[in-house]
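Dropping the structures in below, format is structure tokens.
Next come two complexes built around chain A: one with chain B, the other with chain C.
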Partner chain A sequence: MAQMAAGKGATMDGQGRRKRRGRGTSLAGQRYLAAVLLLVPAVALRLFTAFYPFVHTFYLALTNYNPAFPPAQFIGFGNLKRMATDAAVTSSIAFTILFVLISTLLELVLGLAVGSLLNKPFKGRGVARAANLIPWAMPMVVCALGFRWMFDGDYGIFPDLIWRVSGLRFPWLINSWGSRAAVIITNVWKSTPFLGLVFLAALQGVPAELYEAARVDGANAWQSFRSVTLPLLLPQATTMGLFMLVWQLASFDLIYTMTGGGPGFATQVLAYNIYQAAFGGLNFGYASAISLALFAVVFVMGGLGLLLYRRVEVMF
Partner chain B sequence: MPQIDVVGGEPRRSKGPGARVPRWVSKAMLYLGVLAFLAIILLPFYWILLSSITPKFKMFSIPPRYWPDEITFENYRKMAQTIPFTRYLANSFVFAFGSSVVSVALAFLASYALARVRFRGSNLVFMGFLVSIAVPQVGTLVPLFEMFRIFHLINKPIGLITLMSSLLVPFTVWILVSFVQQVPAEIEEAASIDGARLPQILWHVVVPVVKPALATMTIINFIISWNELLYPLVFATDRLTKTLSVGLVELAVDPSMGAGRPWDLMSALSVTMIIPVLILVLGFQRLIISGLTRGAVKG
Partner chain C sequence: MSQRKLTRRDFLKFAGTSLAAASAAGLLGSCGPNATPAPASPTQAAKATPVASVAPSQAAAKPTAAPAKGKTLVVAIQAFAHDAMKPVLSAWEAKTGNKVSLESGPATGQEMMTKYAPPFQSGTSPVDVLSVDDVSGPAFARAGWLMPLDDIIPQETWKDFPEGMLPPVDKDYFHSYNGKRYRVPHEFAVGYFWYRRDWFEEKKVSVPKTWDEFVTVGKAFTKDGVWGTTEGMKKPGLTFVYLAYLTAQTGGDIFKFDDATAQAFQFAYDLIYTHKIMPETVLAEDYTQQNDRYMKDTVAMMRQWPYFWDVARGNTAWYKEGRADIALPPAGPAGPKTWYGGWGWSVPKAAPNPEEAKDLIAWITSNANAPTLAKGQSWFVMPRKSILDAMGNTGLPVYMNQYTKAGCLVPRPYHPKQSDAETVVDDVGQLFLTKQMSLADAMKAGRERIAALG
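Moving on to the complex of A and B:
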């Protein structure tokens, strides 16, 4: 919407300027000056702290730079070759993608469920909607440590509850797949309410007559969800899915505080590898090379997501 | 048309006896769903709170205790003695307040330019902001660290605030553009005919109208910065700049604590960290929801 409006503004401006040109271009000039002055602080900030570091990473990745032993030496593709045979990095690329895909999928499905639930009329709906904000507002560090404590094999509440129900004890954080599942569950718990909120807002914009019409046609709850809710929310769902996909590729806090990448390197993600290589091993060159791998994953996943997004946009 | 629908609908409804469930069953299922939802949402918070007020010797019991039987604030007292709590609290506040105010101020100026000042390339700048969200924060740490070392910005609140506000700017621009677009242009035009210059129009005409939006984004950005770990972890290494999130992580990995983690101190610090954001969330629930859903629903 914002983009569209901005685009319209630009074309209108083109015509307006042409008309005005006879009387002089001072207005257009003034306008440019104003725009530049207003934009300079924010744009400069982004250029210096996002764009420049992004570009500089490509150079650093080709060096063996270590801040403790300067100067940097140019070593060509040495870091990239090393990365290809580094099991910690290759397994972490796989888990990063798995983590993001499963998390996003679960968040979309559960977010839709939460949004529809909070849209229904029931007593205490205000309280439920307020409670829904708590996971979003809690620091990820606190969530990660809290869930780690709750998943603890001896004193944790989850193994105990499962044991009470099934008589089985599962050592979540010692087992590779157990800790992978625990990390994803924590992430989904923290991020789903935000999606629920977005879907709720979208649902509130769906005219009640549509549901009424579906009901008159004899649709049951599932049918009206499938034929009314889902098609109307699909644009939001794809936008949010794309956003969460790209956003969560950079997840660091959760892994760093909850598992430290363990057991072994079962739950290591690229963001964690980068941090460890840079500030654990002071190997800035190698950390930059892993950053390039992360950029590549973001680019590919974001690109695929964007293709999917276009598909959905054409469909509706 | 409606008649045909009704006629068409009737047989379908009677087709399966299970197609339509009695009202009280669907009602009961709804409340069951609500209860399950509340339990899942509140359980972790309850568990951390419970741990923080349980005496340490009772925390490590098998099976775990589900209800408090002895309440103590000893964990909080000990936590405040183990880490420089008040110092970290002040640092966190400066960091979060500074980042939220700077990010909203810069984003407001930019979003006014993007929403109102018609110039060629405004679309491109807007897209640039959005695309820059995709650059992973962790991937830029190494070059930033080098840059900050050269400019002596490590362990400086101003350096941390610069980084954090930059991280927040794209989202804030995205949301604020849609708010500024809603301001009727006639007000500004009237002011500009009266001879007001741009800074005056911004301050006296636009700001009062979008004040709720600015407040909303300040609160949201404050919460996000308060919760931030990565930037303080890397760029704050002394007690004059470390934030509560760093203090918490340090407790969790402190080697002097032995093999067992100090869950008593960690849970106390966790609750202390949550309380300010909880107050903001419950106090400004409506504003926060409007801000968070703005970009997604309108975009």
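Moving on to the complex of A and C:
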């Protein structure tokens, strides 16, 4: 009976479940094959453009491959040892982490402030919202060139304003910490509008009744912000913070255009080191090793960010 | 109709299949004929072939196969040189029936490497003829990505260059590697000493002939927003240029970070912080900003490349006679020196139209066409006999001759890993000049990093 119910040619297992035979001939099998065929190109492309380059980079990192100085030789962890003693690389690991942490923190705080302001009703709010996006729309290279002039010790508008107010002259781009501050300020100026937009969208999803209830309870503006706005925005803030953190780890164009990694290597980031090793001296082996160092930093920071996100998710 | 869900096992199965397919595709791709074998190492070449004679090959250039007609070749060179190229290229087009498309080439060695290393590495080339600089040219030649030109360029062209500008072909240098030439220079980049003759005449000040006089004159001009001198020393590359210029005047070997190099570094530091005749902001400025300072009447003297001749005269709102004159550089302990380098023409080994490219490069670099290019753009002015005969006593050749006769010219410092070595000078120079490192530590760090290059 069971076999008749299952269909001609089908066999049953011990628990009465139908066993498949001749998968390619059945309709279910054909649909399965169609699904596989449709998915294979996308998966193959992804694997070929992501997995294969990663494996090849790992291999190159273990060699001293330089096409101008053949042949390539396997040197094991020789590149790693070189990185550990290369002051330019160790300095850039430290500054890369500092750069992304401070930039992300400032972007989150300022982005929230911008989003809150743009959420208030005022005349010309539409224009303000559009104007807010201008920095984000400008290419980073253009911003970097502009800010390089603005921070110039003799021609720059910033040193001039500071001098007029305080009488002090500060050589931003010549001082190691000044140049680091300059690139962070430029980066924050460029990226904050995007976060402002994200937070604006999030704020518009906060029910007005909650603010009314807080007002009835006697909360002032700051208390409303702290008790209503912040908790509801925390998941988005964590997500965006994680996104910006990982995204900015690969920053290159700002540093290349604005400071060239100088003065010395005060503003060098890992992406710049990779570029210099690969395209300065064709040191593909060494550049691959530095790439793996960047991957490690991304992995660790991304992992920590995910842990934080999960904690926030549980809280809310 | 029954529906079958895609299980985790099935997904892993076809992901594994896809991975295998992707890996196989990658392996098959890398096994193709794209990889260009590099030239044999010097030791192998030395064992296999006797060292070439000092003079370039005595044989006349082998006649190349007749180029086909109707092809379009791509020539890459910096955009400001395109107008000067057009008459020469038009004549070649008329002669051969082929077309030439000019492409804007990068302006620095590192940009050259960035743009062309990937296609060359993969065995292809987006261009047929390429203008390469002193950093990328040797690297490309070593990697086996350029065609040897000894048999393509006729002897009369090689002999048109002054002795010393093209060292013996068996010496690895900017134009040659492993006994072959890979580049025909088309630019003679000299760090000239530019000054405001009008200001000097007004103040009745003589052109400085020594470092001490340079400082004294610089102090005389430095006040009220005007500086004695300026430079563009932004990374990458520009710090090396200026420090190598000063090291030429001390007689040092900059890549050895010797005592004479330390003297040059200290002089640069003193110009900024001790004598205060050069603004410290130059360490973050490029040549555009440097030229801008000069043409905004805030600088009395500076070192700058020959292209400033056209830049200054092209600024018709500002330029007047006497505002951008050239004098011999101030003499350091080793005399009034400046280093020269330059760009040159090469043909990529993977050029899409190799036979036509060979004909084109021979045409562009010929003794007949070199003066045409030089008259069209000062960047092409070189001490080639054909150019000096054609241009007579006008323009930049006057100063080129002056510098040559005074023995001012020294060749650009050379290192087999040119880009890496210049980066070391950039980094160490900036660390010292921004007070992040002492002079002694800078010299030590420089020596160690150069040694680490191998």
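To be clear about the criterion, the second predicted complex is superposed on the first by the 269 of 316 C-alpha atoms of A that agree within 3 Å, B and C clash if a C-alpha of one lies under 4 Å from a C-alpha of the other, contacts with A are read in each partner's own complex, and residues count from 1 in each chain.
Everything that follows uses one rule, which is that contacts are C-beta pairs under 8 Å (C-beta built on N, C-alpha and C of every residue); 3 or more make two chains touch, one makes a residue touch a chain.
Small disclaimer: the values here were computed from a predicted structure and weren't measured.
Engineer: Looking at A:D154, would you say it contacts chain B, chain C, both, or neither? Reply first, second, both or neither.
Structural biologist: A:D154: touches chain B and chain C.
Engineer: After lining up the shared chain so the two structures overlap, which partner does A:G78 touch, if you call chain B first and chain C second: first, second, both or neither?
Structural biologist: Once the two structures are laid over each other on A, A:G78 reaches no partner at all.
Engineer: With the two structures laid over each other on chain A, which partner does A:L39 touch: chain B (first), chain C (second), both, or neither?
Structural biologist: In the superposition, A:L39 touches chain B and chain C alike.
Engineer: With the two complexes superposed on chain A, say which partner A:N175 touches: chain B (first), chain C (second), both, or neither.
Structural biologist: A:N175 sits against chain C, while chain B stays out of touch.
Engineer: Which partner does A:P70 reach: the first (chain B), the second (chain C), both, or neither?
Structural biologist: second
Engineer: Just chain B (first), just chain C (second), both, or neither: which does A:V246 touch?
Structural biologist: Touch status of A:V246: first partner only.
Engineer: State whether A:Y52 touches chain B only (first), chain C only (second), both chains, or neither.
Structural biologist: It touches chain B and chain C both.
Engineer: Who contacts more of chain A, chain B or chain C?
Structural biologist: B
Engineer: Quick one: classify A:G261 as touching chain B (first), chain C (second), both or neither.
Structural biologist: Touch partner of A:G261: chain C, not chain B.
Engineer: Which chain A residues are contacted by chain C in one complex and by chain B in the other?
Structural biologist: In chain A, positions 31-32, 35, 39, 43, 48, 51-52, 56, 67, 149, 154-155, 260, 275, 279 sit in both the chain B and chain C interfaces.
Engineer: Which part of chain A faces chain B closely enough to touch in the complex?
Structural biologist: Against chain B, chain A makes touches at 1-3, 5-7, 9-10, 12-14, 16, 31-32, 34-35, 38-39, 41-43, 45-46, 48-54, 56-57, 60, 67, 114, 117, 120, 122, 124, 128-143, 145-147, 149-150, 154-157, 160, 163, 189, 193-194, 197-198, 200-202, 205, 213, 216-218, 220-221, 236, 239-240, 243, 246-247, 249-250, 252-253, 256-257, 260, 271, 274-275, 278-279, 284, 287-288, 291, 294-295, 298, 302.
Engineer: State the interface residues of chain B toward chain A in the complex, per the touch definition above.
Structural biologist: 2, 5-6, 8-10, 12-13, 19-20, 26, 30-31, 33-34, 37-38, 40-45, 47-48, 51, 59-64, 66, 106-107, 109-110, 112-115, 117-123, 125-129, 132-147, 149, 162-163, 165-167, 169-170, 173-174, 177-178, 181, 198, 223, 226-227, 229-230, 234, 245, 248-249, 252-253, 263, 266-267, 270, 273-274, 277-278, 280-282, 285, 288-289, 292-293, 296-299
Engineer: Give every residue of chain A touching chain C within the complex, in rising order.
Structural biologist: Per the touch definition, chain A meets chain C at residues 26-29, 31-32, 35-36, 39-40, 43-44, 47-48, 51-52, 56, 67-70, 82, 87-88, 148-149, 152-155, 171, 173-176, 179, 259-266, 275-276, 279-283.
Engineer: So in the complex, the part of chain C that touches chain A is made up of which residues?
Structural biologist: Touching chain A: residues 1-4, 6, 10, 14-15, 17-19, 21-23, 25-26, 38, 41, 110, 113-114, 117, 121, 138-140, 142-145, 234-236, 239, 279-281, 283-285, 289, 293, 416-417, 419-420, 423, 426-427, 430-431, 433-434, 436-437, 445, 452 of chain C.
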